[in-house]
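Chains: A, B, C and D, in written order; residue numbering restarts at 1 for each.
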Amino acid sequence: MHWHETNVTVRFNEADQWGMVWYANYFAYVEVARTEVLESVDLLPNQLVDLGFIAPIIHLECDYKAPARYNQKLTVRLTLLPQDVARLVFAFEIVDAEDRTCMVRGSTHQVLLKSNGTMVYKLKGELEKRIHRLARYFEVGTMH
Amino acid sequence: MHWHETNVTVRFNEADQWGMVWYANYFAYVEVARTEVLESVDLLPNQLVDLGFIAPIIHLECDYKAPARYNQKLTVRLTLLPQDVARLVFAFEIVDAEDRTCMVRGSTHQVLLKSNGTMVYKLKGELEKRIHRLARYFEVGTMH
Amino acid sequence: MHWHETNVTVRFNEADQWGMVWYANYFAYVEVARTEVLESVDLLPNQLVDLGFIAPIIHLECDYKAPARYNQKLTVRLTLLPQDVARLVFAFEIVDAEDRTCMVRGSTHQVLLKSNGTMVYKLKGELEKRIHRLARYFEVGTMH
Amino acid sequence: MHWHETNVTVRFNEADQWGMVWYANYFAYVEVARTEVLESVDLLPNQLVDLGFIAPIIHLECDYKAPARYNQKLTVRLTLLPQDVARLVFAFEIVDAEDRTCMVRGSTHQVLLKSNGTMVYKLKGELEKRIHRLARYFEVGTMH
């Protein structure tokens, strides 16, 4: 299983009055990593809509291990957990970019809906092709 | 000139590590007041788009007088400054809800564009009607 | 079990490009409700620190049932789930303020730490008194 | 006059329902650039506090030229405008990272206060040394 990695630096406005990243701000970092991956397989939100689908998050969970602080350099790690059904489950970890201390760890679950709101149970056509490329990237660690 | 007033309470995640509202977070409070007013004259962003227009902000300025803190109760005051041209200039003040100390004071300038991006120089039709109702509200302090 | 309720209106900057509240922005609404409750028992973050403690969130989970939209009026419902150990587990629901459709439902888990970072296993003194008042509020629905 | 430059990519949660960056979110990008510069001269907010000072923003102005969109790569440009008094005036521009189209342009004004709240009119000691290094960086474009 491959983890996609990207780096972010904690911004001043993301820390709370204890100087620690407010707990919901970590999810913006997860989206930085997710965007990079989705862009590489043409599955950015707009591109998904162009195919006639949306992929709302239906479940989120997160464990907080250590607080990140203003200006701290972090590495966001993202992978896709294999599923039997037409669902995208991403696992993420955010670690200190240098000493790799784990700050947070969690997952998001997304379902695939047609634009009319009906659930997608089985992948087909272009959507299937792109999601298989996405899955393969997280298996082998390369787009090719 | 009438000022529309609404109340907000500073949220935990809006204060920075000094316990003061981060300077760009005040604009979310201004939007609370603006939404209330625009809703009452059917000029919410979506409604404006339905009429074939958008109203992007092209200029913002703000003076910071005193810092607001977590859980502080604030009153957001909003008015519309009369203009010769087809432009919306809102002035705002954010004051302590109790002792009325001024925290910030500023203005936003919006132009009116047709959906195709061309500038609106002269108001006509339904757009003119609604913007006149908006202007009148700020002159007389009532929608009727 | 009592649920504390408070109302919020979705702000323009909290909706994403589909016009739906971005999934992590709901937690700011939860904090609005939590602040109201903690204020009433003198357990706001600063007050907790004055007693020599902090209460970091160590776990968060959330299910997303339906999307809230810009300017939608929401009711945030918050309760405290009884625990055997010195831990604060808040459950929350965010529902449409009028038709009570459930938007999101979830929980946050907080541990209590002394300012030096050591875990609190057993409540004592002023901290115990205030947390008992908090728990009692969620049992009986009144502060008295 | 030297401009410090850094790159940011627009995050999903920073775009509004028109897919454009919400106007107050640009200031988070300005802070990314400012943090990089202040770090290099040991003037990060915490370091300033350690010296016995704070530097609140008292004025902000910004012109919006073109909207940035989700996943757009931007270059944030920051410089310091020379002042006769003990005041920090940063000018900023945010441009498309590739074609250099200007998105926004503005400035922030900061005063220097002693921790007790009294205004600093004349720089002295370590504070003067560091602010001179900061000013020199923006004159000559290097820290050495």
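Definition applied: a residue touches a chain if its C-beta (ideal position, glycine included) is under 8 Å from a C-beta of that chain, and two chains touch if they have at least 3 such contacts.
Chains and their UniProt names: A, B, C, D = Thioesterase domain-containing protein.
Remember, predicted model here, so these are calculated numbers, not experimental data.
Touching subunit B and subunit D at once are the following chains: A, C.
Seen from the C-alpha centroid of subunit C, the farthest chain centroid is that of D. The distance from the centre of subunit A to the centre of subunit D, each centre being the mean of the chain's C-alpha atoms, comes to 30 Å. For this pair, subunit A with subunit B, the centres built from the Cα atoms lie 35 Å apart. Within subunit D, residues 12-13, 17-19, 24-25, 27-28, 45-46, 70 each touch two or more of the remaining chains.
Residue ranges of subunit C in contact with subunit A, taken from their complex: 17-18, 20, 23-25, 27-28, 45-46, 54, 56-64, 67, 106, 108.
Contacts from subunit B toward subunit C in the complex involve residues 9, 11-13, 19, 27-28, 31-32, 35, 39, 44-46, 70-71. Of all the residues in subunit A, the ones that touch subunit B in their complex are 12-13, 15-19, 22, 24-25, 70.
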